[in-house]
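For reference, the structures are reproduced in the following blocks.
One chain, chain A, links the two complexes that follow: it is found with chain B in the first and with chain C in the second.
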Partner chain A sequence: MTLLAVDELRVSVRRRGTELTVLDGVSFAVGAGQCLGIVGESGCGKSLTLRATMGLLPPGATRTGGDIRVGRSGLAMVFQDSHASLDPTMRVGTFLADVVRRRRGGTRAAARRQAAELLAAVGVPDPDLRLRAYPHELSGGTRQRVSIALALATDPRVLLCDEPTTALDVTLQAEILRLLDTARAERGLGVVLVSHDVAVIRQVADVVAVMYAGQIVEAGPAADVLDRPQHPYTRALIGAVPSLDGPVGPFRPIPGAPPDPAVYTPACRFLPRCGHGDAACRGPVPGVHALDLRHRSSCVQHSTHHKERT
Partner chain B sequence: MTAVTFFRARFRARRGGGRVRWVAVTLLALVILAAIFAPVLSPDDPARQTLDQLRPPSADHPLGTDALGRDVLSRMLYALRTDLLLMVFAAGLPMLAGTVIGALAGYHGGSLDAAVRWVADIFQALPVYVLLIAFVFVLGPGTPSLLVAFGTLGWIVYARLIRTEVRRVRERDYVSASYLLGLSHTTVLVRHVLPNSLRQSLVYLTTDMGLALQGIAVLSFFGLGVEAGTPELGAMVAEAQVLLRSHWWLAAFPGLMIIVIGSSVAALADRFNEDGEAG
Partner chain C sequence: MSEPIRVENLTVTYAVRTGLLRSRDVLAVDRADLTLARGEILGLVGESGCGKSTLGRAIVGHARPASGRVLLDGLPTPRRRPPGMRRRVQMIYQDPGSSLDPRRTVFQTLAEPLRAHRAVPADQVGPRVRELLGMVGLGQEHLRVRPRELSGGQRQRVAIARALAVEPDVLVADEAVAALDASVAGAVLNLLRELRERLGLTVLFISHDLATVRGLCDRVAVMYLGSIVEEGPVAEIFASPGHPYTHVLLDAVPSRERRRPGGAPLGEPPSPLHLPPGCRFHPRCPAAEERCRTTAPPEVRRGGRRVACHLAYEGV
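Our next item is the complex of A and B:
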């Protein structure tokens, strides 16, 4: 069952008087109990996709197209930096109880009890004590758990997670990812997880969408995309991560940097950094969506596409 | 002493300015206590006129008597009550008004914001004291018109400060988060945006209280302050002005008190400001 479907999402920002399209036809869907991982370099539009889906565009950015099908109350978001997403002047318990009360009604005392239960459910030890703490008094891991508890307090159908573990160390990262996994399994929650970290995506995602320069360039089941990548960008992204089991070699960073939105073209946007381009790459490339479980890539060099197109 | 150690010592003195703060707090506390316990501490009724006029300080009248034979110490103690209360309200009411206006303008933006900025620009272009005097002149002297005058002119700075802070805080993740978590605009504004936008205004409030005290004293000095006869420090200085050469104590002690309160508040404001910058 599809809980969230985003169709042909387009977002543009104004810069020095010109409209720049920074998200260009992004489509994806999440079903109950499913985890969609969106992976890509910084600045490729991953976070913006989440924020646009949530209706939370930064000033200057506008949604110029696309269709988002979900009840707004059905979405909740976990931010990257729990330090910034919790009010520094308010005890976390007050915040949590406010949200619970707003959502479920009842008395203050009842809301507070539920807040404690929520904290316990996300694995915060000694929840009654933590409820009285201010965000800066909590460790990074606990703070992120609190943000997750806050998001879960609204009984969402889909949880949007914007790099939820980037600010944490590896041990905590694994715990938070497990926590998201549990919530997904127990509540039948759909999860959209944005990360630049291929390892994180590999750990939790069922479906992967690879974003580059404001577009999805490859999508499909996680195992297919990560183990048999079709798009050279995906291959480069995976190749840039040193493997624990593989031979020890030099890092293989992707040369160059992602293009500026001002020079986005209908042609392949990865071409300047790709080693395998030819004339066909300069023509329009096919759009890729993550609306179903088929493995697709926008690379015209890839054989399946050649077959499909001819 | 090398330049480095010199600056280090200076820096330490600045950071550890605890002594200044301690003195300021003690002085203010004494002044406030004196105001609270004025009825107990006063040797005489501040309004009682006697034929014992213009006496120098003595055992009966520690600070002497004024031209109407009233005990100066008693009048000064009661004047503290008037001035401290006026000071708090003359700075507090504008802050309240400015906070509400600035918060609404900053949070909602748009035409309300533009209107507020327009009015603020106009007011800020005009000289404060001239406007204060004009206001009180039109409304007639007395405590209410004083407060109206301060309120009408004082909110602008707070509105500007709060507006800017609110616009900054509004874009924070926790504000977006609260909104997304289903809290209403009012809740988000009052519970999350405002508490995070107040610090600069609070720093300014302490400065403003000192300015308000001076403003009240100045207006009373010109006879535009509190009702005639009310014990008030500025008015006391004004009344004593003609007698300054022969009866210095009449002006000296109330004047000294204005300086003590004003500088204590200013010292505290300074410390607040430094703490704010450090934190």
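Our next item is the complex of A and C:
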């Protein structure tokens, strides 16, 4: 069952008087109990995609096209910086109970009880004690758990997570990822996880969308995309992450830098950094969506690469 | 020849306010021993707040030891290091955006330490700046540019060039690539490797990223609540960690190749204001025994490795 479908999303930002299209026809869907991972370098538009979906575009950015269909369900968002979702002047419990009560009604005492239950559910130790704390009194890991509890308090069907573990230590990162995975499995939540880290995406995503320069360039089931990438960008992105198991060798950065939105064209935007391009890459390349489970890539060469490699 | 860096029994404390008028000393680094051999890259890893940055700062001379000492080339460092000594250990930080002066051009940024330390004659400043830029893979076109016009990776290269300007023996890199995408970080890391080969630079690489440490470093030291709990060659420690904490850390690292099952939840480290008795890791340790709760563990050394754990090498 599809909980969220985003179709041909377009967003532009104003820079020095000109409108720049920074998201260019991004389409994806998330089903119940499914985790979609969106991965790409800084500036590729992955966070903006989440914000546009949530209706939280920063000033200066406008949605210029596309449909966002959110079933009967609600969306909730978890940010990298857990301070962003909490009110620094309010005790965690007051804030959380307010949200619970506004959403579910009932008495203050009942809301407070439910707030404690939510904190316990996300693995906060001594929930009753933590309810009385202010956000700054909590550690980063606990604060991120509280912001997840806060997101869950609105009974969303889809959780949008923007780099939720980037600010955390690996031990806490693993725990937060497991927490999201449990919420997905037990509550049947749809999860959209945005990360710059292929290894993080690998741990939890069922479906992966790779973004580059404002577009999805490859999408499909996680195992297909990450084990048999078709797009040279996806291959480069995976190769750039240091391996934990493989042989140790030089690091493999991606030469060059992503293009500026001012020079986005219908041609392949990765071409200047790609070692495999030819004339075909200079023509318009096909768009890729993540609306179903088929493995797709926007690379017009990928079929030939495939032959080379096999 | 003696080691470029030798840390002996080093303790660094911070005063922390515990009440309106009360303050207490917190142990950031507790009796740490560490040696860096010439031309080696040593990784220093651990969770936030474990003291790895403070240890790095003490080595550079930015944090004052409460006891113990730091030796450079076998010579103890005085409380105030003379400029010649300061020159030999340089530091680069996570965020070159804030460690570079936004108003200065790259040329000015690189010329400043050359002049301050009189590293080259005045008429050689220009050529030396160009040489430094080339060394970190930047071109002449970057000379007149200010930091905000550079990408994150380029800024970090400028920070490295600035550190190299005074020809240090040792570079302390504190989370130097943590703010960069892997696609960019790799180039900076390859540069560090190359500089080690070409200049015989010794590097202390402070990081929370174990996969990067595996790819870059020769040896690794693991810190927990101010103490070094394990140290040894990277390949050996990653293949068979000796300390339960190292084990847990390694289990938590996500892999680009596969889904990892992950270990038991570890929870958060205790506050350094209330250090547990015995082994500091025992409240979170999956293997803790009675003696771990009461007695501090001995440091067991074997074949170039050391582990501070009661259970190390038992039954081996």
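In this section, the second predicted complex is superposed on the first by the 300 of 310 C-alpha atoms of A that agree within 3 Å, B and C clash if a C-alpha of one lies under 4 Å from a C-alpha of the other, contacts with A are read in each partner's own complex, and residues count from 1 in each chain.
Everything below uses one rule, namely that contacts are C-beta pairs under 8 Å (C-beta built on N, C-alpha and C of every residue); 3 or more make two chains touch, one makes a residue touch a chain.
On a predicted model such as this, the values are computed, not experimentally measured, just so you know.
In the superposition on chain A, A:V124 contacts neither chain B nor chain C. Of the two partner chains placed by superposition, A:V191 touches none, neither chain B nor chain C. Using the contact criterion defined above for the overlaid structures, shared-chain residue A:C268 touches neither chain B nor chain C, since it reaches no partner.
In the superposed model, A:M211 makes contact with neither chain B nor chain C.
Contacts of A:R102 after superposition: chain B is touched, whereas chain C is not reached. Here chain B and chain C are compared by how many residues of chain A each touches, and C touches more. Touch criterion not met for A:A116: it reaches neither chain B nor chain C.
Chain A residues in contact with chain B (one complex) as well as with chain C (other complex) do not exist. Taken together, the chain A residues at the contact with chain B in this complex read 54, 56, 58-59, 73, 75-77, 79, 81, 84-90, 95, 98-99, 102-103, 147, 150-151, 153-154. Within the complex formed with chain A, the chain B residues making contact are 171-174, 176-178, 180-184, 187, 191-192, 195-196.
Those residues of chain C that touch chain A in the shared complex are 47-48, 151-152, 181-187, 189-190, 193, 208-212, 214-216, 235, 248-249, 251-260, 262-263, 265-268. Chain A meets chain C in the complex at residues 41-42, 123, 125, 139-142, 169-175, 177-178, 196-200, 202-203, 226, 236-238, 240-246, 248-254, 257.
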